[in-house]
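Shared between the two complexes below is chain A, which pairs with chain B and chain C, respectively.
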Partner chain A sequence: MADFIETAASKDSGPPPKYLAAWRAAGIESWRRRSLPTRKTEAWKYTNLRPLEKAAYAARPEADGIDEESLRPLIDIPGLGANRLVFVNGTYSDTLSDYDCADGMTVVRFADANGKDAETIAAHIGRLIDGERHLFAALNDGWTEDGVFVRIEDHAIVTTPLHVVWLTTNASHPFGVAQRLLLLAGKDCEASLIEHFVSTEDAQQVFTNGITELHVSANANLKHCRLHLEQPSAAHIGGVHVSLDRDSRLNSFHLGFGGVLKRIDAVVHHRGEGAHCEMNGIYLPRDSQQIDYHTTIEHAVPRCTTSETFRGIIADRGKAVFNGRIHIHPDAQKTDARLSNRNLLTSPDAEVDTKPELEIYADDVQCAHGATVAQLEDDSLFYFMSRGISREEAKVMLSFGFINELVDRVPVPALAEYLRPRLVARFSDPGLSRHIL
Partner chain B sequence: MLTIKGLKAVAGDTEILQGIDLTIGPGEVHAIMGTNGSGKSTLGHVLAGRDGYAVTAGDVDFLGKNLLDLDPEDRAREGLFLAFQYPVEIPGVSNMEFLKAAADAHAEYRGDEAPDAVSFMKKARELCTVADIDPSFLKRGVNEGFSGGEKKRNELLQMMLLEPRLAILDETDSGLDIDALKVVAAGVNEMRAADRSFIVITHYQRLLNYIEPDFVHVLSRGRIVKSGDKSLALELEEKGYGWVDQEVA
Partner chain C sequence: MSEQIDNLIQKEYAAGFVTEIESDTLPPGLDEDVIRFISGRKNEPEWMLAWRLEAYRAWLKMVEPKWAHVSYPDIDFNAISYFSAPKSAADRPKSLDEIDPELKETYDKLGIPLHEQEMLAGVAVDAVFDSVSVATTFREKLKEAGVIFCSISEAIQEHPDLVRKYLGSVVPRKDNYYAALNSAVFSDGSFVYIPKGVSCPMELSTYFRINEAKTGQFERTLIVADEGSQVSYLEGCTAPMRDENQLHAAVVELVALDNATIKYSTVQNWYPGDAEGRGGIYNFVTKRGVAHTNAHISWTQVETGSAITMKYPSCILRGDNSVGEFYSVALSNNRQQADTGTKMVHLGKNTRSTIISKGISAGHGSNTYRGLVRMNPGATGARNYTQCDSLLIGDKCGAHTFPYIESKNPTAVVEHEATTSKVSDEQLFLCQQRGIDAEKAVSMIVNGFCKEVFRELPMEFAVEAGKLLEVSLEGSVG
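Take a look at the complex of A and B:
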């Protein structure tokens, strides 16, 4: 694996924006000093990084020869009516993007930013990330050639969601992509962001390294969805880092299909009193796919609340890791934090490692956490069959029911409608899902 | 309708049904009474095909078919209905989806076209009125957060919708207050017909004031030890189950 450090460090990433050149060089330097985690590194204990070894993800993808128009069905979400930015293999696609920012939301690509925007990006980028804990963030810094900067003005009510798509396709050689997004939500504003990772159906050797940073100012309300719907051969290591100021609200939804390597770290810092974080997530590995969600909620100040629910259905020889940590610092009195993780194993070879962790250093708090691992209950299956419903259809209805409660909580309704049939299709023939769609 | 001959069943190493003989004709209502552990709920479960029991002897003929050869879903499609003592909560699957899936499965088994969604919805809402269920419950998860009485009325709703040939009511009266009991009994009485039979499993005589049985059987240690008409239930109420055991002994 030592080779991977150097191979990745020497990736030809194209020129950085000038205002980020020094920062990017520092990222590469930092990355070169690292060693990759081993099975003894607690935070990476269950994550198998070996798929990274197998391919030299140093190259850039071919720039041309892609029929971008043909990719539309992969990225269209009916009824969403969003402003959309699309990156194909890491490169911005003018053809597929369509955005016209108004209502107080400004979207600027890193590559185009200048003047005040460039200053703001340079001042904020990377600020939320603990580089020691998130080592792949340094590599992301070092690879960044473009990215998305979103600024929402104070008091702006932005009704049109922002839909940012990162799409990958098959290329003749392995390649790497850096995804980067920085969002600053002003005071009292409201906005919705959908980050959508998807790929063409053919097998591909791509490693995406993603970092998203969301700064949510006082009393702002941000909805955030991060969807990982890529083809299983696409590898992804990504992080979402959020800071919540006083009385702000984050309503977030994560969804991940499995793959050769898929690891998402979601970190939320409660930095102002009265902030609220709702985080829900679904993961659905099957075949021999893996997926890891690691969440950390830092309660540093009093009177903040967290409600976090992740559910997974693990099929075949799939493997999931869920590590949910809630850290309540000594000053965070009157915290109310709840974490639930439930897993459904639909095969004897399916595996999940779940580790909810509560670290509490304040005495006047309300906290609860729990994790369960189960199979479909015989009682439930029999109840369906006793009404004439076949065992196969009962399994599908019960499995979907297990995650449907979280689909109902997706903060963007058009997205929930889009996802429902795709989720059902993960574990069902069309004939068996007709009563739930 | 149903003929049970020498039925024996075990759960693990324990023989719970030790040779049941019972014949139920069309249109008849049979009450099966007995103490806890006498095997009366097991009989309902074995007939409906629940996992966890092994039939070691005997035959069951249901409308000319060997019931024990059928999968649980096919028993239901043939017209057998079990109203559960403890209906299962299924969050995330709506009552309406559940009912439609069940009705479609029945229709397809018969070779009929599945009911269209609009008329099915209309019928379900009408039956909600009969079962004294708020129609908003159709959109809720199956039995999710329902009270004991609401769950039993939901069983009644399913029965009315599926129109079985033989309905087994497994301690439907347990946990019901008198008003809910009357609703359920009225629904059952409404459904009584010349070609539909009922097995009413109960611990108490009270339910039989409202659903009048043609026959009453007393189950003890996995066998029917006494049969009679509805007066047997009243006698049991008065003298207790100990009286039957003594008499048999």
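Take a look at the complex of A and C:
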């Protein structure tokens, strides 16, 4: 494991955009100075990095020889009508992407950026990340060769969601991909962003290291969805870092299927008074998959609100980790922050480790968190069975019902429609799902 | 109103005074010779010395825990004196009349005269003044019931089999840094054995008092409740005002065999340091109980003292149907820091646990609840309910909640809830408008906030606990 730092540091990542070269070198430097977390490291207490150890992650495979057209069904979300950017194994795919810059939204790839855009990227990249807490962000810096830069003009109302897909395929050797996205939302604007991680159905040898930074200006309204629908053999360590200015709103939704190693850090900084953050999430590990969500909400200024709900269904030998931290700084009076985490264990071998944390340094605040772990209630099952619904069907319905409340809150309706059948299918054979949908 | 508040906040520690009794104290420092000296002084058998030495050697290899949400200057373990006994140690008093008059006065100042207690509540007191037991009452009465209640040094002499069997069985010597240190140098403490089927005829109580400056107190308490027995044990502490930090690293082990019940209550009011955070006790205690089949262990604590507290009274619910409870009120005012909570480890089937934790932070205090609820694969049908509430008084204090929930059994149900609130202006206004002054109102609100925990305390303790909170908090709303 000790070698992983060096192996990862010396991965051949291709040339960086010129304006990011120094920054990228600094990232690698910083990464080299670190040591990998162990079970004694609080933030990694329940998640083992051993799956990374198995492979020496090499450069991403060339795009040649991949039939891109055949990948279309994996990335299409009907009814979304989105601006779509697709990266296949980390390489931008012209064939699959389809976007235009309209409605006051500008989308530029890091590799193409020049002039003012390049300056803006260089000025903002990495600014929201606390490197001490987020070790893998340094590696992401060091691996970045391309990425997506999104700028939304002040007062712009962007009706079409931006759909960014990171797709991976099977390759002959294990490889690493750095995913990077930087979004600047101007004042009073409105926009939706969907980050979609998916893979082909064959075994994956990829380790995706993702960082997304969202700067939301005053009074702006950003909807953000992040979907992790990759094959379980794909490893992913990612972070979403958000700053919210005065009276801005973030409505975010996370969905994660399990994998060999999946860890997502979602960090929200309330930086202006009156900002509101709603964050909902679902995690569904099964077989011997694992998933780990760490969320941090930093309330640094007064009068901000947070409402966070995460639910998980853990099946088979699956393991879920949830850590929800709410940090109220000394001046953040009149904060209202709530966190709820509920878990269903559906098998004797399933495991969940949850830790909702409150750290409060201001007195005039309302904070609450709750966490539960249980299985489906016998009473509920009985209720269904007494009405002639089989135990199996009842289980599917109840499991789906448990998370459907959150699917209902997905800020992009077309996406909710797309996800529902996929979620039901997680719990049952296709025959049963017709009862529910 | 703010003047009143200031006056109340700045109230001097009422139990702060020093009794001048000559002590027989070791020079500061710790090595194997010190351990041999302690062991020799107590005429301990060879196995006990070996046990201590092994703990010491393990301790040398361990590192101080730093994960707690507290900060304090590094402790120099070689600046602490590891043994201190009142001069009259060799010639122990047999009855209350024989104890040192000055010592008796100490208790009188604290409002816990032994005479009165004897009559008042039928409480047997094994009073620890610094490190050696000086007065043990009601011995005879307990003997009749077959209950053994004596100092641990005495138990090592007189009941070596019991001690050998259970000492370190709940908190192993290498369990943690401070438990290892305690195992090596523990000076004294209490030993209780309740035989099969016996319900202890009275509540057992020990008053600890740290007196000698620069003396770490390393009590060791072992309570064994044999099958079907019952016992309630009270522990209360106050300490004199001193500038030097004093380390207190006790270990308490509870063994509840099949169908036994142990109730352990603590009121802790050690010197918390002055308003700037100078002085005060470091309270790093390991408390743990093992509950066998159908056994019941209940921890109740009211923590108002100490500069730094790291304390996690825990239950290992080993037997089927065993029950663990934890009721806690922790108060931190001025610069006090408390990182406290519990661990409930569910191993057996249908085990149940309840955690009720009330944290109150005022001034610059920092109060952390840190708890672990673990459902092991065997804990079929187990149940946990956790509630931790924080009350904030003043805008410079902190209240934190770090609950760890680990579940590996789908039939186990774990519920955790936490809330944070302040004494609101509306609540105060409502009371004041009805003619209740602000201090009284705050006291009422705080008492109401803690009611679920106070209810679990024995009567006299509940009164004492209420008073303690009143003294520390009344009117400190800003």
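The rule we apply is simple: the second predicted complex is superposed on the first by the 436 of 437 C-alpha atoms of A that agree within 3 Å, B and C clash if a C-alpha of one lies under 4 Å from a C-alpha of the other, contacts with A are read in each partner's own complex, and residues count from 1 in each chain.
Throughout what follows, a residue touches a chain if its C-beta (ideal position, glycine included) is under 8 Å from a C-beta of that chain, and two chains touch if they have at least 3 such contacts.
Owing to the predicted nature of the structure, the values given are computational and were not obtained by experimental measurement.
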{"item": "First, second, both or neither for A:P330, with chain B first and chain C second", "value": "second"}
{"item": "Which superposed partner A:S35 touches (first chain B, second chain C, both, neither)", "value": "neither"}
{"item": "Touch count on chain A, higher of chain B and chain C", "value": "C"}
{"item": "Overlap of the chain B and chain C footprints on chain A, listed as residue numbers", "value": "none"}
{"item": "Contacting residues of chain A [partner chain C, same complex]", "value": "42, 330, 333, 343, 345-375"}
{"item": "Sites on chain A touched by chain B in the complex", "value": "377-380, 382-391, 393, 397-398, 400-405, 435-436"}
{"item": "Residues of chain C touching chain A in the complex", "value": "67, 375, 377, 390, 392-422"}
{"item": "Parts of chain B lying in touch with chain A, wherever the complex brings them together", "value": "48-52, 71-73, 75-77, 81-82, 84, 87-88, 90-93, 97-98, 100-102, 104-106, 109, 141, 158, 162"}
